[in-house]
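Look for chain A in each of the two complexes below; its partner is chain B in the first and chain C in the second.
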Partner chain A sequence: MLDVAAVVADVRRGMIPAHVYNDPEIFALERDRLFSRAWVFLAHESEIPEPGDYVVRRVLADSFIVARDEDGTVRAMFNMCLHRGMQVCRAEMGNASHFRCPYHAWTYRNDGRLVGLPFHVDAYGGEDGFAKEGQSLLPAPALDVHQGLIFISLDPDAPPLRDHLGDFAFYLDLYARQSPAGLELRGPQRWRIKANWKIGAENFAGDSYHTPHTHASVVDIGLFREPKANKRKEGALYTAGPGAGTTYKLPPGDLTTRLRHVGYPDEMITRMRGAWTRAQRGLVENDGFMISAATLFPNLSLVHNWPKIDDSGTVVPFISLRQWQPVSANETEVLSWFAVDAAAPEPFKRDSYKAYVMCFGSSGMFEQDDVENWVSITDVAAGTMARRLNLNSRMGLTSAGKPLKPPLAGFSGPGTAYQGFGEFNQRHWLSMWGDHLLRPPPVHTSADMGAAR
Partner chain B sequence: MNRSSLGRVPVNEPIVIANEFAEVLVEKVETRNGTRLRIRAPRADREILLCPLELEALAGQDHDLFSRLLAAG
Partner chain C sequence: MTGTTETNTANVNVPLRYTDPDHQDAHQFLVEEAATLDRQDFAGWLRLLAEDIRYVMPVRVTTARGAGFDSLADMGHFDEDMYALRKRVERFGTQHAWTEDPPSRTRRLVTNVRTFRTGHGELRVESYLLLFRSRGDTRDHDLLSAGRADILRPAPDGHRLARREITVDESVLRTQNLALFL
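The block that comes next holds the complex of A and B.
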């Protein structure tokens, strides 16, 4: 019998019971207590730019149609026909003014309203037997958008998304708002790995320590010059609100020089200068840190790297969004998007996409390196010995629990930042995870569809 | 000239408009004295030839009209 309080207490000491990375009981708690409440990323507005555009996305087993209706309103609707529960949309993306269930041809507007069911009068006696008026596909209990990123929560009492994002919005916007045009996304590539979903989320939140070793071959072949251990440990790790991330230390220079160093053309630098706040600019210009990987709790990660894309050494940056979509205790569906400033010049978008594909996505080198580790961890975490082992996640702390070094003074961003290696960020992520696991599931009500009112 | 028995001549290859719910072929057809837009739905075995006046009327509709049409199945 799982003692969740004991598990969370261990995690709060920085000791992680290894079985949490492959434990059906833990997974059930994550489903019922975490994903039933947390704000979860579903899609970006640039994936559904026109009326009728839709994509189908999931939160664990719950499928949602994310659509822009004819009035331009973005909606997320539970993809389950009100009649027999068939998935109304089966294609992953499309454009439609109406959705029609394949089973009995019940038809819905793209805002979710039920407009017709065959033989309504003959089969149901009309409105008396099935009150069609006012029925619609179940909306996501809460939906909110930040910088075009569409999130839902299964908890109708979720706090406003912006309140939830808190100080992490400062960092999120460095990725998502390089100009007022915001991001445009391509993809996602979607594939499954036999790994627990938490491992990727924690890795992107703060594991700068794995980069020099796991990704050594990336440096060896000259794809990316930065992950060398000496460079990586100069970076800052920050925690802020529900997020945490890693940075690289840049060579000396002003904002323009440093953004050129990572490969941005001058016209994009001009727009970044205008779009970013003084403090956001200060992170790069005064502190000399450039954002790299990050995770927004629970399962959306971001990455910004600047590999060499050709033999002549051209360095081009890219942004990727990735989601660790839990399938089971030992399987995760990875969704990986390429993201780029919508106002970027076309040649930059092309080169940046190339940089992304070389590093991330199902064939990317970083991705291949990482996943081998994560599958192996998950595999061995299923056994009985894993229940006797508490993994050490205390990097950066003394035995008394004090940081080895004080937080960075004068860091331009909000939250807390440390320079060098440490597992502050993973502990921050796991602390939020523990908070959720200890809370009882949110209370919800059921809705009768078409019954007498 | 490859004139059909009904005197309708497609002007170009049909445009295919499809999503996961339906598939139609749309083409401009010339009659002896004018033009129509033909919409064919092979899966539903339906076809309609719309004249400019009908199309003008259609262009003035909103999606409520189609909700009513689709409600009948």
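The block that comes next holds the complex of A and C.
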């Protein structure tokens, strides 16, 4: 029998009971207490630019139609017919003014409203038997958008998204707002890995320590210069609000020089200069740090790297968003998008896409080795011995639990930052995870469909 | 969100007869290529490719019948030129490509080969591929099912693969990564 309080207490000491990476009881708690409450990323507005555009996305087993209605409003609707529960949309993307249920032909507009109910009078006696007026597919209990990123929460009492994002918005916007145009997303590539969803989320939050070794091959072949151990440990790790991330230290120079170093053309640099706040510019210009990987709790990660995309050594940066969609305790669906500033010139978009496909995603040369590790961890976390092993996640702390060195003074970004290797960020992520596991599930009410009012 | 036209529509032209030497050359090329990849002779595989190769594998998506597309025009699992393919091969040659060390056991079953002459002396070759992949001793095997449309260009010593478009049959791949070639 799982003692969740003991597990969380161990986690708070930086000792991670290994079985949490493959344990159906833990997974059930994550479903009922974490994903029933947290703000979860579903889609980006650029994926559904036109009225009627939709994508279908899930939060664990719950399927949602994310659609832009005829007025341009973005909605997320539970993809379950109000009548007998059929999925009213079985495509994953498209454009539709209406969704007609295949079972008995109830019909919903793309804003979710029930507009067609065959034989309403014959079968139900009209409104008295089934009150059709005002019925619609169940909306996501909470929906909010930040920089085009559409999030939902299954908790109707979720705090406003912007409050939840807090200080992490500073870093998120460095990826998501390189110009007022914001990002456009392509994809996602989707594939399933036999790995627990937490491992990727923690890794992207702060595991700069794995980069020199796990990704040694991409340095060997000259694809990406930066992961060498000495360079990697000069980077800063930050925690801020519900997020955490890693950075690389750039060579000396002003904002323009440093953004050129990672491959941005001057016209994009001009827009970044205008779109970023003084403090955001300061992170690059004064502190010399460039964002790399990050995770927004619970399961949205971002990455920004700048590999060489041709034999003449042209360096081009790319951004990827990825979601670790839990399937079970030992399986995760990865959704990996290529993202680029919508205002970027076409040649940059083309080259940045090439950089992405080489490095990340289903065939990416970084991602290949990451996933091999995560599958292996999950495989061996299932057994009896894993229940006797508390993994050490205390990097960067003394035995007394104090940081080995003080936080970076004068760091331009909000939150707390440390230079060098450490597992501050993973502990930060796991601490939020523990908070959720100890809270009872949110209260909810059930909606009766069409019953007498 | 943009899509290409539906990719699962077979070429309606009449292929070369199986007795045609061009068809036989094309079929043999594909079988030898599969053997080269299954024995992990990646350098040998690169020698089968034209310098200007385009090697693409669009993301397949589930769309309504009549939507007019079932793959993404602007996102692939692969979208490679010779530089990118060489880098991938070079990586497998390092001591640090953990994902394939120990290597997968693979078997590429190549069938349903249809060959068409194009106007430029090149051959267009369509084939079915079923790739069996086994890793370690505790995991289930993976299967990748795909159609391929290739352009083979004549060379003094045989043919070179100048273009390959891989139409994978899953929208969500059930393999941990594409640390392999299809």
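FYI, the second predicted complex is superposed on the first by the 453 of 453 C-alpha atoms of A that agree within 3 Å, B and C clash if a C-alpha of one lies under 4 Å from a C-alpha of the other, contacts with A are read in each partner's own complex, and residues count from 1 in each chain.
Just so it is clear, a contact is a pair of C-beta atoms (placed from the backbone, for glycine too) under 8 Å apart; a residue touches a chain by one contact, two chains touch by 3 or more.
Bear in mind the structure is a predicted one, so any value in this text is a computation, not a measurement.
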Which of chain B and chain C A:V115 touches, first, second, both or neither: first
First (chain B), second (chain C), both or neither touched by A:R90: both
Per-residue touch tally on chain A - higher for chain B or for chain C: C
Which superposed partner A:F99 touches (first chain B, second chain C, both, neither): first
Chain B versus chain C as contact partner of A:A169, first or second or both or neither: neither
Partner chain(s) touched by A:L60 [first = chain B, second = chain C, both, neither]: neither
Touching partner for A:I152 - first (chain B), second (chain C), both, neither: neither
First (chain B), second (chain C), both or neither touched by A:R192: second
Touching partner for A:D379 - first (chain B), second (chain C), both, neither: second
Overlapping contact positions on chain A, where the chain C interface meets the chain B interface: 90-91, 94-96
Of all residues in chain C, those that touch chain A in their complex: 1, 57, 59, 61-64, 67, 72, 74-81, 83-84, 87-88, 90-91, 94-100, 138-139, 171-179
Interfacial residue positions of chain A with respect to chain C in the complex: 47-49, 53, 55, 90-96, 186-195, 213-214, 216-218, 220-221, 223, 309-311, 333, 338, 353-354, 357-358, 361-365, 367-369, 371-373, 375, 379
Chain B-touching residues of chain A, taken from the complex the two chains share: 70, 89-91, 94-100, 105, 107, 109, 113, 115-120
Interface residues, chain B side, partner chain A - complex: 19-22, 62-63, 66-68, 70-73
